[in-house]
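For clarity, chains are labelled A, B, C, D and E in written order, and residue numbers in each chain start from 1.
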Amino acid sequence: MQTLNIFAAQWVAPTIDYFGLAPELVLAGGLCLVLMLDLFIDERKKWMLTAISSFTLLAAMVPVLMLALSETEVRTMFDGRYVVDNFSLVMKAVFLLAGYVVVLLSSSHIEQGEYWRGEYWFLLLTSLLGMLMMASSRDLVSIFVALEFLSIPAYMLAAWRKRDPKSNEAGVKYFLLGVFASAVMLYGMSLMYGVANSTLLTEIGAKFTATGEFSAVHALAVVFVVVGFAFKVSAVPFHTWAPDTYEGAPTPVTAFLSVASKAAGFVALVVLLYTAFPLAQDIWQPFIWVLSALTMTIGNVLALKQNNIVRMIAYSSISQGGFVLMPLAVAGLAGSGTTALRSVVLYMIVYAATNLGVFAIILAVSNKTRSGEISSYGGLFSYAPTLGVLMTLFLASLAGIPPLGGWIAKFVAFQSLIQSQSTWGYALAVVGAVNSVVAFGYYGNVMREIWMRPVPDNDTTLISVPGSLKLALVITAGATLVFGILPGVGLHFADLAEIAGAIIR
Amino acid sequence: MNLLAAETEVLAPLASGWFLENAWLIPVIPAIAFALIILIGKRLPMKGSELGVASMLASLVLSAGAAYQWIQRVNSATEEQFVEPVIRSWSWWRSGGFDFGIGQHIDGLSVVVLFVVAFISTLVQIYSLEYLRGDRRYTHFFAALTLFSGGMLAMVLADNMILFLLGWEVMGLCSFMLIGHWWEEDANSRAALKAFFTVRTGDVGLLVGISMLYFAANDWTQENLGLSGFSIRGISAWALSGEPNSTVIMVAAIALFIASIGKSGQFPLHTWLPDAMAGPTPVSSLLHSSTMVVAGVFLVARLYPVFFVGLDILGSGGNLIMFIGAITIVISAALAFVQNDIKRVLAYSTVSQLGYMMLGLGAGAWLPAVFHIFTHAFFKACLFLGAGSISHSASHHSFDMKRDMGGLRKVMPITFTTWIISTLALCGVFPFSGFFSKDEIIDNVGNNGYNTFMIVGLVGAFMTAAYMTRATYLTFFGEPRGASAGHSSHESHDDHASHDDHSSHGPHESGLLITAPLMILSVLALGSGLLNATPFGESWERMKLWVEPRAVEVVDSTYSGGPGESLIVNVPSAGEGSSKSVCGTSTPEIGVCYAPKLEHAKFKWSKAMLSMAIVFLGMVVSWILSMLLFTKRDARLVGLTQRVKILGVGHRFLVNKYYLDDLYEKVIVRSVAYPISSAAYWFNQNVLDGILHSISNLTRKFSGWVYKNIDQRVVDGTVNNSATFTKSVGTAAQPTQSGKVSQYGALLFSAAAVAALVLVIINT
Amino acid sequence: MIAQNIGFWIIAVLMVVSALRVVTTNNVVHAALWLVVVLAGAAGQYILLAAEFVAITQVLVYIGAVMVLFLFGTMLTRARIGAESDLNNSYKKLGIPVALVMLVAMGLALTRSFGDEKLPESAKVVSTQEVSDQIFGPYLLPFWALSFVLLAAVVGAIVLARKD
Amino acid sequence: MFVNQFLFLAAVLFCIGVYGVIARKNAVLMLMSIELILNSVNINLLTFAMRNGSTDGHVFALYIIAVAAAEVGVGLGLVLLVYRNKKTISVDELSEMRG
Amino acid sequence: MNMLQENNWLLSVGTFLPLLGVVVLLLTPKASDQMVKLVALVTSIATLAVGVYTAFKFDFDQAEKLQFVADANWISVIKSSYLIGVDGISLPLYLLSMVITLLVVIYSLDHVPSPGKPKAFFSLLLVLQTGMAGTFIAQDLILFFVFFELVLLPMFFLIGVWGGEQRQYASIKFFLYTMFGSALMLVAFLALFFKTGAESFSIPYLIENGGSIAKNIQIWIFAGMFVGFAVKVPMFPFHTWLPDAHTQAPTQGSVILAAILLKLGTYGFVRIALPILPDAAREWAPYIGGLAVIGIIYGALGCLAQTDMKRLIAFSSVAHMGFVMLGISTLTSFGVNAAMFGMVAHGLITGMLFFIAGSVKERYHTLEISKLGGMLTSMPRLGWIFGFCSMASLGLPGLAGFWGEFPAILSAYNPAEGLNETVFRVFMVIAALGTVLAAAYLLWMFQRIAFGTAKNSSSHDHAHSDDLHDVTTFEWIAWTPMLLGILVLGILPNLLFSVFDPAVKITLSAFGG
């Protein structure tokens, strides 16, 4: 098909399974609607855009569910360049729900600044559409385009508070480093295309298998491609943008970046590792091992030093990324593939719920304190016990303390590491174990502020939490608890997530 | 329970009886009484003391009954027949195949000590009714006293080492409470702490010893006797079976002996005893006569086979027990010389007498040693109670002989008489009880071939006579001084202020509640020796008949059944060859041996006369010296006219006389007697006690050091440093997060480049 | 082939020199012009590689549109038309080793993998039709996606760049 | 023609671009350096397309060009934004957040 | 291992009832303190009632079998199930946790520590109770781990919010330490899971199959568990969180910490580490024993150096848990029985001592030993209770402490087959010396605090003469059961031993009894 067909003059229209594309189509329709309506509706009615955005996201969930329930397990389009399998459906659901929560988080926030609301929703939905595309892309070109699709709106959203130099800085840094990373990744992809003579992941996988031995170019290609996504998941040392961007960007955008964007990076990474070069494990396993260990450690030790809550959460999410990467470091070993995938997916699900919850609290609290300092959380428990307890729950979940969601995610990650029964796996597990302790250092520090420190300036005016934030809190807290107490729920979805055509198991 | 009963009946049925079978009630009654006193004592008309006295009386009755029935039992046996102890045991708890029993082991030894303990305790409690009347912790006192006796009784009839340990420790606890009874004063609480702690140090030996014996003996005892390795009976039989590894049993015996040393205040752990005099006098009396300190001796007597084999008793050249005993006799007797506190004199005397018991046990004179426990209890209790009586009624709670006593023989006739009787008994004057026991010990030590130790014993006897004479003289003769003379200017020793009314009355005889026990005890001090009056022939040696275990038990080889399954044990070297079996020459081929066969010295009047002479010499010398020293010195204090009256000579002469006195005191006494005693005392206070204190100080300092440097700096420091380290890693990593995009880019590209280079090189 | 080779080497040298000037010149406008040379050179190379449609697109999009954007950017940010001294930062020294390491890594990999492999002698020029068949066949979805990307970029860039 | 002569040209361009983005602090110049990198990628892709005899490389290269245009647009938008707030386009000045 | 499944709802009810109480508590209005206290009290009483009923239904003749076993689907994907049950080892500890919680709640009715917030305080206590009880009934490693960790947060807050001056440092330290241990423990659990064929996390299953793991791997897995449990015990040198946590914790926290939380570690050794990894246990035993006796001596030395009453008691825990670990390290059922008994005894005694320390603090406003004194004159009852507990703590026969201590020492003389006897005998002697030191520090403390005359003059700044009241009613109610327990278990140790013994025997069957 892909070989040069000199006499194939006849163009045949590709068959498109529109049902399979339905979530993307709904979302695309929604975002066009938002963009259009923004032009025509009155300033006072702009709240409708919020409603439409959230409705669009929920509406897009419907086809996702239908596809999940439909009998066709795997839908393949464009010669396998676009695949709707269970993995992509689970991830799409995660993106959509995370997007929905982000909309909830944003809705009250963007009322306050001079936000370009219509464009904000438009870009948010566009980025989400890119993520949906990423979940199904099984081709270098699609992946590249999807990556830019989800990134370019995000670059701009990061800079969305136009008057705030910090926000500008966040956007520029994110943009420049994002471009650097995608340039490196592209170089890698070009080499990959060169050696495999195809952009289709499954064929690349087959070629990488066929040659058996790997030449230096294979190594270079794999490393460069992984670097591109390591940037996206903010793995050390490609993480440098993350703290600055997270701190500077508007808080809901930060929530979006730290959850959805990161998840998208992992989706692509996993897909590439599992279908494109699974057998190049000797190349990427050590690389990811080092990345994972560095990410956890550096993320943690730097988080310990932070005074700003968002920046701390940024480092925290870097280190969490290290935990997600952990099982991938042994994913290529026999028998570890499935559990590693399960672990990554579960971790993303749980992490999304928990981290969004944290941001919901941050938004609620900053409504009152107007400060990002951790010390502004002093005595939160005494005047806003519910927020205090919920924040404690979220932080404890991030720290991996049972019976909250985070623990099962960490547990499964450790499980797949140890399942490999390899020295590297054990070693990384120990590194992870130590890091999970260090992590409590900063999570505990916030808890300490909330519970044990006095209220700064004795300002105990109550915090009014907007309804949308309340809803977001209910969703995230409920998910965090359910995933922890009944881990089977999360694991069920994670287990469903099987990548069609994945070579490693 | 009575494993061998079935088989022994074949020989002759031994008499038993209710009191023997239910002897376990004896400690249980005081224990219950203790609980009752604690719970409801304060609400009773006599503040709970009646419960204590009643329980002790009940125990006494039971003990007496048991003793009576034991005698019957012994009489029902044939001459050579082993008198089966009355053992009853119940399973207390089980764990991991270990069966911890609880039960009674009644044999001659227990019966004697039970009776003594119950008897003395009863008298002491009666005495305390008066002595502590009005004390603010009257009820607590009786509770503790009762539990104390209960503990001792439990220990005495314990059938296994765990129960034994329990009684032992309960006593330790009660001694802490009793010695520290007036804990408001720092010295008292310190003394209590010291007593408990010193004894507890020795207890390590007990723990270790019990553990070792258990594991060494358990297999053997389970297999052959169906008893646990804690069982005293089992351990005894095992020790004599020839089975034990000689090192194990030696180490175990030494370990146990360390416990004895601590408990019985033997050298070098005796320093707690004099300090323990801080407690109320009845406590001292009980502590030093029949309980607590006797426990150590009792331990040795109880597990005699273990010590016999482990320390090679009867071996040539002496053994650890004898050495310790002998050293203790001399050292503590010497210390008794330089004490001014009457109770301290008695305390050192007790230590010294315990040394005799140890010496006897170590030298194979088991029966005389046990007998000495018996007699010593009476006269020493009497002496202590006498001292208490003096302080209570005459010296305004002072025990200082030099300052507050003197010439009391007239005002306190009963106390004086009983004191004299007991003193004579203590000194071992014929026909007082001490003679029959102490002399027996010395005699047997010599008889068993330890002539050096016999001489030590005699020296001890001389010293005993001497210091007791000194004490007697100071207390009852001469002129009244200080409080006894009616002066009450000095500070009261025991500040239980409710007694202050006595001071107005001056010295007087104590009330009946105090004197009655004294009298009873003095009668026994006089007469109890007759129970084993060797000089009068075999038929007088009742104690030997009743108490001394017969060496061997004959086992019918046809016996089978019972949990022990096989009781057929080959006793090694039984009567074969020239080597002397521990079970004696008449050991049959098959059997279990529970006690070593011991020889008894033939009584010889010549030897007795020799020791008597020594005792008298000691008394006389001491008397003269005391007269010269204390009366004269004292006269100087009273005033000129009085001196003239007494001596009827001129002033200059008197002055010269004083020179002589000084000469006497300074040159003769101080250069001869004092240096030795003082040196001993100095050694005692500075070296032994000093070691003890410095050990405790050192431990404290060391622990402080460990805490500061090891725990806080190293161990905790590691923890805190790891936190600091983590943070400093963060600090080190922070520059990478400079905020400069170019630097971020450089990092990104360089990381990619390095990773690529490494992996490219590796993968080609 | 020789002619092509000569062409390649001339263009290649030109491109490398121009690229070096892009990253070293002290004048922003000069840099943009040097970049034009590089981009044009690249277009030439594409032709050598039988990719005429890409080459044309390169000229149209890059030299035509992107360069204009750059120049506008330069103007709008009121950069001096002339030499500036502070275009480089303190990490300049870091750049050389990083670039060299990267070059070594790439060079090693390329040498080892492709060695002296030659391009096919008789490569047919890829026609625009073939490219468009591919774009509207299997690569249709990314094409749609690109339209959203461009739309988003336009909308976002306008919002960000406009004064308000 | 050797495959490597094109690939090496691309590699050199790539590295020059890398040097450029590290050494430059003017945002516009950084963007230009990025274009160098992207062009090197395109050379690579087309080289391989010729070597492998496929057209996928061409498509890929076209998409890259399109995306690059979008990126430059966004990038210049951001540069203008920064310039408006800070009156400079030196990215070194953008280091308010660090550590 | 066969299991009895009747009444399998009992344990779940007993464990999760407190959580129901928490829910009710959360719904009660914040202002009504009385209501909050009532709910907490009722919940803990009801929990204990369920516990007592469980004990009543427990078949003591088959104490070696798991009873009331419930096995429900939980995380089937990772083959972990909700498998719970009790046997002779866990039942007493399970009940102990309920009793202690109830007593603590009773005590707290009158003593909610500063800064108040009874609602949060009681909620945390009840959550803690669920975690503790759950740990003892869990028969699945993952479930065990979840419960094991569940106690962390409540305790963290109890210390951190209601604690003393250094509470924040102490609470973080406590948390980090424990987490460090449990993280490694989790790794060990997972390794165990895979090395036994990745079939199940159920403890009975692992006991059957764990022995077949190669020895050198066992040793590593054991190492992970060792760190996890040893931190909790705490064993030297992982003990330094303990003095800080205890000193800073509120009375209730200290009591629960001493009485139950420390037992989670030792329980883990007995329940999990030893039976599943017998070969590794044999290799590790001498080191555990060595650390245990170091702990005994070291704890005692630490005590002697203290000037703070509570800190002293805390260090004494290190020493006492040393005895427990010594018993465990012998790998004999006798030693482990002793250890189990020691756990319960230490729980009661040290718990009581912490109660007393709390009351002392409340009355004197200081715990500096040098500033205390004459407690027996000012508060005779409290003083005597203190004396009683000190005596029990130093291992006086006839009181509960002795039966944990002495058999542990005894067992060290004859460790299980394959262990070096000489080494353990040396341990025995050292441990025996430890009893002397125990006597030294406890009596020294008692002497300085209880004896002598009251030193009122030393702390004029607090007009606390009114505070020096004797034991209050709430204190009596809370303390009497513990005091009785100390006494009764001292006199009738078989009450516990008969329950432990069969289960321990089964557990240690891999070591030949």
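Definition applied: a residue touches a chain if its C-beta (ideal position, glycine included) is under 8 Å from a C-beta of that chain, and two chains touch if they have at least 3 such contacts.
Just so you know, these numbers come straight off a predicted model, no measurement behind them.
Engineer: Going by the stated contact rule, which chains contact chain D and chain E alike?
Structural biologist: The common neighbours are A, B.
Engineer: Using the contact definition stated above, find the chains touching both chain C and chain D.
Structural biologist: Neighbours common to chain C and chain D are A, B.
Engineer: So which has more C-beta pairs touching, B-E or B-D?
Structural biologist: B-E
Engineer: If I average the Cα coordinates per chain and compare with the overall Cα mean, which chain comes out closest?
Structural biologist: Chain nearest the overall C-alpha centroid, as shown: E.
Engineer: Of all chains present, which has the mean Cα position farthest from that of chain B?
Structural biologist: With centres defined by C-alpha atoms, farthest from chain B sits C.
Engineer: Roughly how far is chain A from chain B, going centre to centre by Cα mean, in whole Å?
Structural biologist: 79
Engineer: Distance between chain C and chain E based on Cα centroids, please, to the nearest Å.
Structural biologist: Chain C and chain E have C-alpha centres separated by 70 Å.
Engineer: Taking each chain's centre as its mean C-alpha position, how far apart are chain A and chain C in Å?
Structural biologist: 31
Engineer: Nearest whole angstrom, what separates the Cα centre of chain A from the Cα centre of chain E?
Structural biologist: That gives a centre separation of 42 Å.
Engineer: For chain B, jot down the residues that touch at least 2 other chains.
Structural biologist: 723, 734, 737, 739-743, 745-746, 749, 752, 756, 760, 764
Engineer: At which residue positions does chain A touch at least two other chains?
Structural biologist: Within chain A, the residues that touch at least two other chains are 2, 4, 141, 144-145, 148, 152, 155-156, 159, 162, 171-173, 176, 180, 191, 215-216, 218-220, 243-244, 305, 441.
Engineer: For chain C, jot down the residues that touch at least 2 other chains.
Structural biologist: Residues 89, 91, 94-95, 98-99, 102, 105-106, 108-110, 112, 114, 126, 130, 139, 142, 146, 149, 153, 156-157, 160.
Engineer: For this entry, which pairs of chains touch?
Structural biologist: All chain pairs meeting the touch criterion are A-B, A-C, A-D, A-E, B-C, B-D, B-E, C-D.
Engineer: In the complex of these two chains, what residues of chain D are touching chain B?
Structural biologist: Against chain B, chain D makes touches at 18, 21-25, 30, 91-92, 94-99.
Engineer: Report the residues of chain B in contact with chain D in the complex, numbered from low to high.
Structural biologist: It comes out as residues 734, 737-742, 745-746, 749.
Engineer: Quick one: which bits of chain C touch chain B in the complex? Just the residue numbers, please.
Structural biologist: Contact set of chain C toward chain B: 89, 91, 94-95, 97-99, 101-102, 104-106, 108-109, 112.
Engineer: Which of the residues in chain A end up touching chain C in this complex?
Structural biologist: Within the complex, chain A contacts chain C at residues 1-2, 4-6, 8-9, 11-14, 16, 28, 35, 77-79, 81-82, 114, 116, 119, 122-123, 126-127, 129-130, 133, 139, 141-142, 144-146, 148-149, 152-153, 155-157, 159, 162, 171, 191, 195, 215-220.
Engineer: Of all residues in chain B, which touch chain C in the complex?
Structural biologist: My answer: residues 740, 742-743, 746, 749-750, 752-754, 756-757, 760-761, 764.
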